[in-house]
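Residue numbering begins at 1 within each chain, and the chains themselves are lettered A, B and C in the order written.
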Amino acid sequence: MISHAENELLCRVGPATQMGDLMRRYWVPAVYPPDLPSPDCAPIRVRLFGENLVAFRDSAGKPGLIKESCPHRGASLFFGRNEEAGLRCVYHGWKFDTAGNCVDMPNEPAESDFKAKVKATTYPCIERSGIIWAYLGPPSEQPKELPGFMSNLLPDDHVFVTVRVQQSNYLQALEGGYDSTHVGFLHSRLDAPADARDSRQLMMQDKRPRFAAVQTDFGVMIGARRETGSDQAYWRVNLFLMPFYHMSPGTPVGLQRWNAWVPIDDETTLRWVVAWQADRPISEADLAPLRHGDSPAWGLLTADDYAPSNTLPGGRWRTKANLANDYFIDRTVQRTKTFTGISGFLTQDQAVTESMGPLVDRQHERLGSADLGIIAARRRLSQAARALRSDGTPPVGVLTPEAYTVNSGSVMLPRDADWVAGVQDVVVLRAQSSQS
Amino acid sequence: MISHAENELLCRVGPATQMGDLMRRYWVPAVYPPDLPSPDCAPIRVRLFGENLVAFRDSAGKPGLIKESCPHRGASLFFGRNEEAGLRCVYHGWKFDTAGNCVDMPNEPAESDFKAKVKATTYPCIERSGIIWAYLGPPSEQPKELPGFMSNLLPDDHVFVTVRVQQSNYLQALEGGYDSTHVGFLHSRLDAPADARDSRQLMMQDKRPRFAAVQTDFGVMIGARRETGSDQAYWRVNLFLMPFYHMSPGTPVGLQRWNAWVPIDDETTLRWVVAWQADRPISEADLAPLRHGDSPAWGLLTADDYAPSNTLPGGRWRTKANLANDYFIDRTVQRTKTFTGISGFLTQDQAVTESMGPLVDRQHERLGSADLGIIAARRRLSQAARALRSDGTPPVGVLTPEAYTVNSGSVMLPRDADWVAGVQDVVVLRAQSSQS
Amino acid sequence: MISHAENELLCRVGPATQMGDLMRRYWVPAVYPPDLPSPDCAPIRVRLFGENLVAFRDSAGKPGLIKESCPHRGASLFFGRNEEAGLRCVYHGWKFDTAGNCVDMPNEPAESDFKAKVKATTYPCIERSGIIWAYLGPPSEQPKELPGFMSNLLPDDHVFVTVRVQQSNYLQALEGGYDSTHVGFLHSRLDAPADARDSRQLMMQDKRPRFAAVQTDFGVMIGARRETGSDQAYWRVNLFLMPFYHMSPGTPVGLQRWNAWVPIDDETTLRWVVAWQADRPISEADLAPLRHGDSPAWGLLTADDYAPSNTLPGGRWRTKANLANDYFIDRTVQRTKTFTGISGFLTQDQAVTESMGPLVDRQHERLGSADLGIIAARRRLSQAARALRSDGTPPVGVLTPEAYTVNSGSVMLPRDADWVAGVQDVVVLRAQSSQS
């Protein structure tokens, strides 16, 4: 339903692309902190928006993100020595700090030393609540604050973060987030569990919700209205937050969460799931129900569920269940127990969105009313990318971190109520946050 | 010996290519029935002429062939639920029957349901005698009947079918079929077996036959004449049948057979071998001599001889012996027992034709008189493709299924006899079949 | 520091490229003799300058190098029968001798036999002192003699040759050869070994040498001058010899050596190390100190150190430690014992030069005074390639094999001495060799 050119605009995120330039205006989740466990630990390879980088943590524990190829002759800084406040190339010993300054050039005589003139490309990093964020845009445009996600406002131990690599373009994965009706199919069981909670009962009762979407100061708010058989309607709110975030109503247990699909390159994405609770630290008891189960559990992963690959970008976080093995689909289970025969909510999402191919062609789609939110989000993204390119308009949310202090949720409202007003208390977590 | 452009015309079979369009005018072997063992069994991925499809068998046992990507948003129907007379996408539950009708759209409210407007691309299928045939061309041009191969006129149990994937373009593999002189080399033994049959003795006695070729209503009939040391000449007849079939004189045992090399895409092909006998069912005793032996056995395969790959198209039928392991060539055997050191007739064929590369460049060939049939078949193919493109001329055989009711064979003829007349009784199995 | 176009000129070596044409004017190391252990042994695949070839050794022990695809219809001669003074294609039995003559065409009748008109592409080979050399250029320009490396003037048992595949363009690997300052870093230990020899002590004492380079009749001579704290300067001489050779001052033990990085294709290279001593055969005792140690040993390999790959060109000689496994880098060793944590001098070289990517982009380099020799060698290569293309000027060294009778070495010279004159006795091994 969109042209090839529009699809390219939306999907291509490499250097100098419109969408890549847009995304580089935001602080983005860049490095998963467990990959850099301690000061002066081994550096790791990171690819973001098609650019090859190396992440390291210096002697003071400060994270750095530096272009992979050494400015001198291009050897990979991945093999570098991480020592005494900088990363030293093993080829000729040139050393760089987290700001990209060349702080040592030990193979040149004093009279020809030109380290003051050499600067490596680096990007500023901020570590907060389980994520190392980075800013890859023009230095003069760097936003002062991280997006105001609740998780960024809470102590670290109130937040729990996981990642997994997605072998597809970011957009088709992201669209699986605020695509509300798939939950009643993709993630459903054939046998209704006896302990199904109210919200699931309400969702399963009406699998054909009606949708509405409004533009907001963070992106798009999407409402799905379900009939309940009474004079009340059940509204569930999904949020698309620029440029690649999503929130949907909470988990069966008490945790809230948001998702990010951060482009590694055009055909690979790192999916982040950030869970948080406002009132107390997250305990293993909070997480247990989210592990492994088919449904309604998310299928959170343990180390044993990953099959690291050194050749796939982001391959440290490749899941064992992946496209090459059809996600271990069990056709008997599919016939008798679950809709897909694939284990785990997140893996089910991954399966359908990766199965579209590395970068889906949207020319032949047949979108319906259930895709209203998807259409609105695409428009928001492409308009913002065009506005940035044509006259430098800063993308929405970049200058207003408080816009991200929101949440998804669900409410019962009178049948004729204004849903946007009705969900305000649930969605907006800070007084200063407002709709545009 | 042919230009790059002519080679491209002959070899490229994807959507909108001239040769692809030609092939899509025929009913073609599309799915190996053991891959769809029962009603509502798991769907499988199929690629044909470069197009990604999913094959399934509905609740009534009817085979279906549907475009892989769901018309809605592109999720793969391979993960679909095959149930109650249709294939249901696991993403949002849209369901399609074998005719491509959207028979359920369960995520849309009644007022916005548009299933009547949605049609998936599907192709008609007919299952007969061990093959699921499909027609991928324009609906208005669909031939009424399958090609009249003898196997299609016999009960199922008179026919035995095997498949294997070939990692090359179809044409170089197909040309190995009616390339008669290679038999005396590629498939030969260094030690003449004591029990060699007459036909092999005659072939080995004169490894330099003389060739003739005539155009027919199915394609090209190629005669190879060998001297016998008497006043009789030994004629063997190979048939090229449009667009990718071949018949050569029968096996050492009583079975007759035909071969098809059906393009999966430009660089991958599914080789079909269809064996039949007219007078009685094929028993395991009939097949035993064809299994595994170096020569004269074909080297028919058992399940143990395949090494399925989930990434290679058609990879369910990849043989363990393949190019990546040099077909387990044994150089000692090659020095002492067989001409190649590679086990199995069909693997020997596969080895030499795959070794040319994925799509051989024919600009630098040096063809001889032994290649007469190959030259004639290429001309037939390219002329037909051009005629179809230029003025819509239906390719030969499409409208005359009885033209395929033929067989290859060999005869002894007086030295000066007209070979074409002389082989008629052997080749033409139906009275109504005639040469053009 | 060089333009994209200049980089392409320097790096691309396939058929009809300027640099490929230049290299084809030289006799080059082509086949490692242990790959062809005996007369009529199995043929092997060889790729050189992007051209697919098969090497074999005929019944008389003479090596042959023939285009892989059979002139007839393109089957790979790799599967050929190597027998009775020629290589016979297994498809139809055509047979070729090492000169490319078609000496048998057994599938054609006498009257249509055209073997006299068929010639396979072959390249002349000369086997000497552990290397099969080949000439791939125009026959009329074939140099009469091999380059006069000392190893080519000595008995076979005075020479020891090893190979390994490098997964990158030749030039970035070659440049690691005459890049003198990297030795003090890449190959260094954190713990100075008690038995360090004088030359290493001198090198480690001044890691910031000053460089000078002069053009010679073999390529470029590069001098690195180190201060010693006395009135003597320590000069080490590296040689770049056209088109892809390198010599650096000898090993810790008595062996001398030279290196070649011969392009397999644009992104794969075969690294040759040729060790020699003039006065006596090389014994295992001579080699022992060069095996496996971290430093100062080279890390010579045994059969157990290779992980042959049938899909990588030149993959017979792929090392177990390679980019896909980060060369088994041990970060603890890197922190505590050696500069890289990677074992073996040659693997350390391979790691940094492969880590630049398959073909490094040199547009953003920041070269210093330590890169003087690299700059001079690039200029020499590109000027020679341009001169050959524009007016057919034969490249330097092609017509003067004696220019290669040189060696690298090191000397102590008075601080103000002319280094070029001062190193003559060390570098020039033959009276007739002279500087241009």
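The definition used in the following text is that a residue touches a chain if its C-beta (ideal position, glycine included) is under 8 Å from a C-beta of that chain, and two chains touch if they have at least 3 such contacts.
Note that the coordinates shown come from a computational prediction; the quantities given were computed from them, not determined experimentally.
Undergrad: Could you check if the interface between copies subunit A and subunit B is built from the same residues on both sides, meaning over half shared, or from different ones?
TA: Counting shared over all numbers used gives less than one half: different.
Undergrad: For subunit B superposed on subunit C via Cα atoms, how large is the rotation, as a multiple of 5°?
TA: The C-alpha superposition of subunit B onto subunit C needs 120 degrees.
Undergrad: Taking each chain's centre as its mean C-alpha position, how far apart are subunit A and subunit B in Å?
TA: 47
Undergrad: What parts of subunit B, by residue number, touch at least two of the other chains?
TA: Within subunit B, no residue touches at least two other chains.
Undergrad: Which residues of subunit A touch subunit B in the complex?
TA: Its residues touching subunit B are 172, 175, 179, 181-182, 184-186, 207-210, 324-326, 329, 331, 334-335, 339-340, 342, 348, 351-353, 355-357, 360-362, 364-371.
Undergrad: Considering the complex alone, what residue numbers of subunit C touch subunit B?
TA: Within the complex, subunit C contacts subunit B at residues 42, 69, 71-76, 78-79, 81, 83, 90-93, 105-110, 112, 114, 117-118, 310-311.
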